[in-house]
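Some structures to go through are shown next.
You will see two complexes here that share chain A, one where it goes with chain B and one where it goes with chain C.
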Partner chain A sequence: MSIAVLRDYLPLFARSALLTVRLGALGILLAVLVGVLCSAAQYFRLPVLQQLSAVYIELSRNTPLLVQLFFLYYGLPKLGIRTDPAVCGVAGLAFLGGSYMAEAFRSGLEAVDRVQLESALSLGLTNAQAMGSVILPQALSISMPALVANVIFLLKETSVFSAVSLMDLMFTAKDLIGLHYNTVESLTLLVVFYLLILLPISILGSLVERRLRYAGSGT
Partner chain B sequence: MTKPLLTVEGLVKRYGEHTVLNGLDLTVREGEVVVIVGPSGCGKSTLLRCINALEPIQSGAVRLEVAPISRESRDLPALRQKVGMVFQSYELFPHLTVLDNVTLAPRKAQKRPRAEAEREALALLERVGLADRARDYPRQLSGGQKQRVAIVRALVMHPQVLLFDEVTAALDPEMVREVLDVLLDLARQGRTMLIVTIEMNFARAVADRVIFLDGGTIVEEAPPEEFFDHPKTPRAQKFLNTFTFDAVKRPHPSSLADPTT
Partner chain C sequence: MPDLGLEVLLKGRNLARLLGGLWVALRISLLSVAISIPAGILLGVVMTWKNPVTQALSRLYLEIIRIMPQLVLLFLVFFGTTRVFGWDLSGELSSVIVFTLWGTAEMGDLVRGALVSIPPHQYESAAALGLTERQTFFCVVLPQTVRRLIPLSINLITRMIKTTSLVLMIGVVEVLKVAQQIIEANRMSSPNAAFGVYLTVFMLYFLACWPISLLARRLEELWR
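Moving on to the complex of A and B:
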């Protein structure tokens, strides 16, 4: 392994790591939003929306991200919708992640007994107050491990972004290997940068989980 | 006689094809303690839940003084503040301390200042002997303590009427008394209460009126002495018999040995 090559490649990997993080964060944020809306539709048994979100969840969970990305990247222009790679990447991640987030929220909500909601309502809290102060704090602390796992899963999934010519970490590694055959250096940097992104999230996640566990659970 | 506070009129509640309450009428007057008894599954919990509009009803009306309590009431949260409810399973909020459990609704729903809500909460906790547990989480309390907190949580809202649904049914026998004592104390203060219970001796002591619910309606309604000592309907007699063992009592050994019997 050549230190000089590593040093040369470092800025390239750093730049693509930034792209991975930026698009990943945006996609995950949108995925959380989609997840909240879908799980709310299911929790409150909203007519039509409940069925729609069920269909979406099956569709999203049972197709690979790569296929979803191809659909967005090559399919949408055929329908006259112009899409650039970054938008495709974020939209694809949100589409895939939305269902995983929805399932994480749903399992948390379902774990909180409905009598808790009734108990809050019987005190005269509004639906919104009962959700905000009683149900969601409990549901979130139950969902937290699944949510953290989803964030990590989705960030790893960004590695298929290169397929729609986004210059993410994977793209850079493949590109450099193809150009200069510095396979060892490229792969080393690839692994190091993924770890740099994912390890802090993993550690932060378990810290948050532990904190929540202290405060919550056990009636 | 005091004025009617809570009125239930022609209440019909069905779950699908199953009619649980079939045109039930009930009036609770101010300061009155009404105890509801009846066989398992006769709809006691359902009645309390309908009074608080936690369940949609098919027909009839519930009124607090003159205000209708229904799922369509625009001011349902404000009405529910005036109807306190205590559940069999306590339903304390596990992620909040005892004090926060008690002050959550006064602060959020009644917009009372934290300091004032906490002062009253602590005074009420003191009264049920739990002031020193204010900073604990529910999981650190015994069942009886949890239920006393749940009662305080209802009281701090200054409800006009209190609904209790078998609040001692989930408790170990040695904790039943401490909770019933709180209810007796509330009765002495002149609170209006609607109590579902299977503690017949307690019912006799606390009730101004006992209601026997069966088959979706009120079958018998009487002062406690009359109801327990001289039930009029066969259904009430049969129900009360399930609480005694006289009919199956074995003869005393000495009488067995007596050759003349």
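Moving on to the complex of A and C:
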């Protein structure tokens, strides 16, 4: 392994790591939003929306991100819907992640007995108060481990972004291997940068999980 | 009605080729699952041992495999071993190696979780009833563990199938690659083929995974 090569490659990998983090964060935020909407549609049994979100969840959970991205990036332009690779990557991540997030929220909401909602309402709390101070704090605490796992899962999934010509870490690694045959250096930096992204999130995640583990403590 | 490019599939043997590509991906995942499940059961049992050395080693293995994206692992095995050890692994063999390592880690963790989820009072009650250690394991622990594990391992199969789509990136000719070839070959006669063919691939993956997911969910509800 050559130190000089590592030093040369460092800025290239740093730049693509930044892209991975930026698009990943954006995609995850959107995924959380989609997840909240879908689980709300299911929790409140909204007609039509409930069925739509159920279909979406099945479609999204049972197909790989790579195939979803290929369809978004190469398929949709044929119908005149042309998107730029970054938008496509974020949209793909949100499409995939939305269903995982929805399932995480749903399991949290289901774990809180509906009797609690009814009791809160009969005590004179408004709908918003009952959700905000009774149901959601407990549901969130129960969903937290799944949410953290989903965030890490989605960050790892961004590794397929190179397939839609986004210059992420995988793209840079493959490109440099093809250009200079410095395979060992490229792969080392690839692993190091993924660790730099994923390890802090993983540690932070378990801290947050521990902090929020209060649901069910009284039972 | 816009041209969706679906007619390409009916030309020649295109649909059969696409299904053949899907079979390549399924074959890799089924082979990996078949090795991962027994290996993962062993790993899971080892992980419940109180020995600090085996605990540290199995934990390390699990964390290393699980923190890395599977695509990075594929690159490490496919490109890395060629460079470092001079091995010339085919894309398919590299994929099976990576997915087996990954599947073993995931399965091991599931087995460990299922084993430690049996509350200690069950062991004590079994001992109080005069069951030997072997009887406790086979008549008390195992039936409950298996029930908890079967839906989870079925889910692992769908995850494995979805993950095998990545093998495209190390040059294995699977369903997405065949789709690309079909689209390229028919660029002139059906310019919109990309839409129809990728939609078909999407639905093929869905049809491969959905029934398995449904089965897992049914079993989970049945055995809760």
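The working rule: the second predicted complex is superposed on the first by the 213 of 219 C-alpha atoms of A that agree within 3 Å, B and C clash if a C-alpha of one lies under 4 Å from a C-alpha of the other, contacts with A are read in each partner's own complex, and residues count from 1 in each chain.
Criterion: a contact is a pair of C-beta atoms (placed from the backbone, for glycine too) under 8 Å apart; a residue touches a chain by one contact, two chains touch by 3 or more.
Values in this document were obtained by computation on a predicted structure and should not be read as measured data.
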item	value
Contacts of A:124 with chain B and chain C, given as first, second, both or neither	first
Touched partner set for A:68, first chain B, second chain C, both or neither	second
Chain B versus chain C, judged by how many residues of chain A each one touches	C
Touched partner set for A:50, first chain B, second chain C, both or neither	neither
Touched partner set for A:107, first chain B, second chain C, both or neither	neither
Footprint of chain A on chain B - complex, ascending	49, 52, 54, 77-85, 87, 89-95, 104-105, 108-110, 137-139, 146, 153-154, 157
Residues of chain A that touch chain B when the two form their complex	113, 115-116, 118-126, 129, 133-134, 137-138, 141, 215-219
Of all residues in chain A, those that touch chain C in their complex	58-59, 61-64, 66-68, 70-71, 74-79, 152, 156-160, 162-163, 170, 173-174, 177, 183-184, 187, 190-191, 194-195, 198-199, 202
Interfacial residue positions of chain C with respect to chain A in the complex	2, 4-5, 67-72, 75-76, 79-80, 82-84, 158, 162-163, 165-166, 168-169, 176, 179, 183, 191-192, 194-199, 201-202, 205-206, 209-210, 213
